[in-house]
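Pasting a structure here, questions to come.
Naming follows writing order (A, B, C, D, E and F), and every chain is counted from residue 1.
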Amino acid sequence: MSVVPDVVKKYQGLGARVVLQKGAGVPAHFPDSVFPEVTFADSAVEVCEQADVVFCVQPPADDTIAAIKPGSLLLGLLQPWTSVERARQLAERQITAFALELLPRISRAQSMDALSSQGAVAGYECALIAADHSPKFFPMLTYAAGTIRPAKVLVIGCGVAGLQAIATARRIGAMVEAYDVRPETREQVESLGAKFVDTGVSAAGTGGYARELTDEEKAKQAERLAKAVAQCDALITTAAIPGKRAPRIITADMVARMKPGAVVVDMAAESGGNVEGTVAGEKVWVGDVLVIGPANIPSRMPVHASEMYAKNLFNFISPFIKDGALALDWDDEVMAGTCLTHAGELRHAGVKQVLGL
Amino acid sequence: MEGFAALYIFMLAAFTGYEVISRVPVILHTPLMSGSNFVHGVVLVGAMVVLGHADPEDPVQLVIGFVAVFLGAANAAGGYVVTERMLAMFKGGNKKEGGA
Amino acid sequence: MANWFIQASYFVVAVVFILGLKAMSSPVTARKGIVWAGYAMVAATVVTFFTPGLGNVGLMVLAIVAGGAVAWWSGKTVKMTDMPQMVAIYNGMGGGAAAAIAALEFARGEIHDPVVATLAVLGALIGSVAFSGSCIAYAKLQGIMKNAFRLPQQNMVNIGLAALTALLGLAIVVSDQPSSTLIVLFFVLALALGAILTSPIGGADMPVVISLLNAFTGLAVGFEGYVLGNPALIVAGIVVGASGTLLTQLMAKAMNRPITNVIFTPISGAAAGGEGEAIEGTMKEFSALDAASVMRYASKVAIVPGYGMAVAGAQHKVWEMAQLLEEAGVEVVFAIHPVAGRMPGHMNVLLAEAGVPYDKIFDLEEINADFPQIDVALVIGANDVVNPVARTDKTSPIYGMPILNVDMAQNVIVVKRGKGAGYSGIENALFYKDNCRMLYGSAQDAIGQVITHVKALES
Amino acid sequence: MSVVPDVVKKYQGLGARVVLQKGAGVPAHFPDSVFPEVTFADSAVEVCEQADVVFCVQPPADDTIAAIKPGSLLLGLLQPWTSVERARQLAERQITAFALELLPRISRAQSMDALSSQGAVAGYECALIAADHSPKFFPMLTYAAGTIRPAKVLVIGCGVAGLQAIATARRIGAMVEAYDVRPETREQVESLGAKFVDTGVSAAGTGGYARELTDEEKAKQAERLAKAVAQCDALITTAAIPGKRAPRIITADMVARMKPGAVVVDMAAESGGNVEGTVAGEKVWVGDVLVIGPANIPSRMPVHASEMYAKNLFNFISPFIKDGALALDWDDEVMAGTCLTHAGELRHAGVKQVLGL
Amino acid sequence: MANWFIQASYFVVAVVFILGLKAMSSPVTARKGIVWAGYAMVAATVVTFFTPGLGNVGLMVLAIVAGGAVAWWSGKTVKMTDMPQMVAIYNGMGGGAAAAIAALEFARGEIHDPVVATLAVLGALIGSVAFSGSCIAYAKLQGIMKNAFRLPQQNMVNIGLAALTALLGLAIVVSDQPSSTLIVLFFVLALALGAILTSPIGGADMPVVISLLNAFTGLAVGFEGYVLGNPALIVAGIVVGASGTLLTQLMAKAMNRPITNVIFTPISGAAAGGEGEAIEGTMKEFSALDAASVMRYASKVAIVPGYGMAVAGAQHKVWEMAQLLEEAGVEVVFAIHPVAGRMPGHMNVLLAEAGVPYDKIFDLEEINADFPQIDVALVIGANDVVNPVARTDKTSPIYGMPILNVDMAQNVIVVKRGKGAGYSGIENALFYKDNCRMLYGSAQDAIGQVITHVKALES
Amino acid sequence: MEGFAALYIFMLAAFTGYEVISRVPVILHTPLMSGSNFVHGVVLVGAMVVLGHADPEDPVQLVIGFVAVFLGAANAAGGYVVTERMLAMFKGGNKKEGGA
């Protein structure tokens, strides 16, 4: 959901009219009845035909894009790196498309950062999935006939989602170790009471993202990690490199050496997987290890994920809505940086390069 | 007064002074300074005695004596007023509200 | 009235003074203390009028009324913020009185015993220094004397002058009938010494100096008490001398300045503090004891945790402190900035771990308007999220980010380890504001110390 | 699993020989290879034919019972209250059957109390299930664009499982309320930092169990509870009365008044359900409320559930194994009290009464 | 040697005594304190030999050597557990000495001034009471005198005897040359008074009484110091008198017995304590200060939490206390009983919430064998799980349940609110064991207080 | 000694004694009691003086004096030994081990 009732009110407060696809809120437990002053349209296409600004969660289907009025705005997580076709189509139709993945990670833009807010959701959910699927207790538990030692959880990739996964696993009671290539994450991991796995490889990139590793580095990392992996009861991987396929960190061999009954949750499954053998959207047994590749994780927690996402979109666009009219400001670095296509052009240099355009 | 008795009094007074305030919180540093300033205002008593025994014929003695008493009285009176005003803020702390 | 009655009265007065001082060293009884001491002082004065053979009573009454009235009136009307200089000047007057007593005794030529003469001279010297020194302190704090005045080779001059004065004092002691020139010269030099010692000292160190001069006056009074054979003066004077010395040490310690530094290498006025580059003002340090006192006597405290609290793992201590303050009747709330820490909900996780109930936790939108009504904002290891630059400086990387307006609170205390910047790596204008004090140390330790002091304030 | 490798060693230490069904440990991640000195049998029937003491988790199938040698022991959670047939069959075959459900709840017997240990597992799992299925965050979370308030979780029934559910939900960060008819649970609930819902009805029974409520009491309870139910984001019910069908506490009407997206986890689903509309082993949508009736919950955490259960069984039987030989002591109140059938008789008075024998 | 030198030495001795006592009031410096005071005492003795006109030196040396040797030898050889009675008897000797001084002065007929006479008589009275009282205390603690000896109408007898003695004292003061019969009678009565006052007091109260008699001796010495015109004696005596009085109050408070109760309604010997029915022994109370001191100076402490800790929600405080103790060098572990609390893992959840690291937590099997090596087992709101009855009493409902063997630790401290039973509702034999002390209070408060005291011990 | 000087000394000594030990932990109650017991052993000095001035011809005086000195010496010596033994347990606490 890209709007929730509270946010709808805010748009209306700015003088905008809100058009909503019928039943769009139902999966997120917002029945149409909770949007009192909204115009309902029967399909996504119909919505697009009426709107000057189109909000979406995932990139719209081709026919939906085709229905968007030329010159109007499209805003959402448009997966800009994945499809040359879509980028072309958006440019051709003269749509001003903003892909929130491209949002510059500067302080002011944090309240619009959908990757962060959805990352938080994903991290929390992955920790729960791991706990739920583990054949063991996460916390230590002394009971009448003995004591159960706490489970060991290893989190790989300590971005927003990874940190949240650490915090959640710790809360449930597990002993958590974590690993990331960026060295500054060590302190962050420790600030959550978890232990950092030291592999001696650093891959600090720019802008809070990581760079890709060399082969030699990968080998070293793999070797040291393999030991930590073999010892853990649950493994949660969240490593990602923007614009790239997710790094393959955990090999089939490492998985094979895990304890019987261990659980792997690969948050990066959809973008290729950090773990060899993950299948996005499925749970597969690799030997006696359960490898889970959850898909579309935020949809597992639709109420709050929607609320967060809707607020991010609102914070992004609201400065440019004045009395119900749009007034974009191309000098604004946040908005300019997030723009994928405008006036028939693919605007974003990084995406251009990746897509080879 | 016999010398040694005075020495004992000096010594014990010093101990007493030191110990009596050894656990004072910062917030009382200034008021306590002011309060002890008031206490040594008792110099007024000494000044009165010397002025009282000054030669009424000798203007130098009278002037010095007058100055001594004047200053002593000012020390005592001013010290009291200022301390009292500072400490008025501590009417039992806000302990009663909170209950502790 | 019989002499023994006067003596007995003095004795009681001395006892009450001690009890009064004791009472004044705890916030709970402090008020009572000064009142008791006040009654004792009145009693001492009244009783003294009955001293056998007391003359010049008219003049005496005049002096008392004049001195008392002037001081009473000025003490009543002065602004609360000008109190320190009033304490200084009243103290100086006490020192002056002690010196005058010695002068008069010499003038009357009544002093013959070498021990008595030595103490008289010592009292006169110390009293004079306290007098002139306090006058300078007064002038500085009152703004009459603006600049710190520093001689070349100040320390040499101090020592030389002190030696010379001491020599003259010795001459007075040994000569059975000292000449009045000698006496006058001695007093002049003693007064000069006090002035010169105090002149170079800057405003920040003044409270320590005043406290020291206060102890001096106490000593002077004690010594003159011996000269006059009055044990009440001895006891009151020496008790103040000793307690004043301790107090001076405590104050110097609370400011992190050894007393010797205050006197011999004074920092004068505005030159103090951190680098502060483009940002104006200085960073002012605070001790854990100060922080504890300020919060303990506040009515509302807002705690603003940041990444540093997480790094230090100080959340349990912070909550313990908050509970202590609440027990003492202080209202405590937690203010969480949306991006405090390094992940969404970072602070929530930690505060939940420490057991902070949800209803004490407020987010930016809920609390920002309240800061002007908050007595103390305690910032623990947060930096960017309270940096006012985000409101003002368009070139700053954090410009436009909403911040917690802690700078609008009455007092701000920032707990951090040193001069480390936050995530965005920029200077924080908050730290240089007038109402902001830095409590340096890792959050865990610093808050631990604050807890100890808060507890001490209760007992 | 009624044995784990550690416990097998202990039995062997007592001089016993252990026979195990092939592959029995696999679902609990104990492959046959981890039981080195054990005799393997191909089927449950074959195991029974060889054994003097038969351990089981759930009551064995009829053909398995038929294979048990007359006069030998059967030990496990035999669900004594549920089947007249089974009780008859066990008695007829002269099997000495011990149903751990009947274990007297005295201090000494706590280390044998399988209901407690499996209750702990179930409580923990139910809390995780609730968190995992909730469309909301459980914990409070302040993020760049706002604050998410913590979820409200209501736990009904504060026995061993209920308390564990409370503790687990609290750990994850929810605000927990709880309710039980036994008044002494109030203090226990509060000792875990949760709030007790006061309805003014008390149903303290004997031996730590609850008695059944009168209709009037039920109405009063229902009314006060309905309010709490309507306000919560997740509801976990664990109420049970031994030997009886689980009390129906939450009516369809109460469920209908819950918030959209609320989750109900009915731990009592298998014994009839505390919630109207629960289906054991399924997740059903009742309006916009998800009602989950998890079945065989300990099997969701097989490693530790087996470990605990195996230790319980061992603690029960080991005092009577001397040098590899069985020596039952019918004066022992724990063992006597747990006995369901012996020497052709149904021994347990309570069960007799309930089954009408 | 000049008289002034003797006087000056006495002065220095007095100063050192005060500093020594001050040092003795902190564990860190206590040892130094007694050593300083020892040197001062030797100096004072040596210097006294040079007093002008001192006779009977041979006899004097004999007395010193004899008295000193006997005391030194007995003090060195006595068992540590018998220390209290030794303190009592030495104190009594001091009181006796003071009384003897007064007696000798009267015998010499040197006392004429009424003030001097009054103080001499007072000193003699107090010293005699201290002497005979201390002898009784010694006899009781040493086991020589077994039963508490209580007269009918004890309090009336006390008051009558005291009045009579005072009357005789008055007679001595007013008569310029008191008859020796009067003097002897006075001393006899004074000695009897001390004996009769002390006889009914039971063993548990003895330390308080000894402390009180100690303060008495101090006063007596101070008064005789005035009689002899020796300020060193005055200062040492009065300082001890005052500090001893405070100490007596503190001790009485630590035992929860007002001093007046100790003297006027003594509980004698074994009759004290709880109901204890079938179980032998008494329940002995402990203050938070005691608990803090015992743990602070232990080398290993095991904390045994139970349902009561959960009810009180004291886990954070408990962990804070544990950390404080660890900082002070004490090893602290947590021992968790399998069924502590009301659900499996109850204690785990709470300790995890408080942030206790997993490696400090041990279960029954891991720790039970270690208890004999543990100095203090601190049981917090646990009851059934530490009840030794489970090991011994076949009829008990908890018979056969394994328990944590805390009773085998050197010391056991049990924190609970009152006499509440545990889940199983039965009496706990542990609470009546000799090595067990009860710290009453809700766990949160009680541990909070312990924390305060542990901190105070560090500063 | 003059009466009032003595009175001051009494008063100040009492304050000093009171304040000096006002923060003593329980664990030191007994040792401190013993220590102050030792301190009033200075009565020995007084006893020596009176014995020294006793009439060497009067056996009663000599006996009383002897007893006084004997008791005083025992008080001092015994008090020292016992206190020293008790306090030997506090060799700086175990502070050094722990660091604190």
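Remarks
Here is the rule we use: a residue touches a chain if its C-beta (ideal position, glycine included) is under 8 Å from a C-beta of that chain, and two chains touch if they have at least 3 such contacts.
Predicted model only: the values in this text are computed from it and were never measured.
By the document's definition of touch, common neighbours of chain A and chain C comprise D, E. Taking the CA centroid of chain C as reference, the farthest chain centroid is that of D. Contact tally for D-E versus C-D: the pair with more C-beta pairs in contact is D-E. Remark: chain C and chain E have CA centroids separated by 40 Å (rounded to whole angstrom). With each centre defined as the average position of its C-alpha atoms, the distance from chain A to chain E rounds to 68 Å. Separation between the centroids of chain E and chain F, computed from CA atoms only, is 17 Å.
Multi-chain contact residues of chain A (touching two or more other chains) are listed as 110-111, 116-117, 120, 139, 141, 143-146, 171, 173, 193.
Multi-chain contact residues, meaning those touching two or more other chains, occur in chain C at positions 18, 231, 234-235, 338-339, 344-345, 349, 352-353, 355. Across the assembly, chain F contributes residues 1, 5-6, 8-9, 12-13, 15-16, 20, 22-23 that each touch 2 or more other chains. Chain pairs that touch one another are A-C, A-D, A-E, B-C, B-E, B-F, C-D, C-E, C-F, D-E, E-F.
On the side of chain E, the complex with chain A involves touching residues 336-340, 344-345, 347-349, 352, 355, 358, 361, 363, 365. Residues 10, 13, 17-18, 20-22, 24-28, 30-31, 33-35, 37-38, 41, 44-45, 48-49, 51, 53-57, 59-60, 62-72, 74-76, 78, 80, 83-84, 86-87, 89-91, 93-94, 96-98, 100-101, 103-105, 107-108, 115, 207, 210-211, 214, 217-218, 220-222, 224-226, 228-247, 250-251, 254, 287, 289-290, 292-294, 296-297, 299, 326-330, 453, 456-458 of chain E are the ones that touch chain F when the two sit in their complex. Only residues 28-31, 110-113, 116-117, 120-121, 124-125, 128-129, 131-132, 134-137, 139, 141, 143-146, 148, 168, 171-173, 260-261, 288, 300-304, 307-308, 311-312, 315 of chain A touch chain D when the two sit together in their complex.
Chain contact summary for the complex, chain F toward chain B: residues 1-2, 5-6, 8-9, 12-13, 15-16, 19-20, 22-23.
Of all residues in chain B, only 1, 3, 6, 9-10, 13-18, 20-56, 58, 60-62, 64-88, 90-100 touch chain C in the complex they form.
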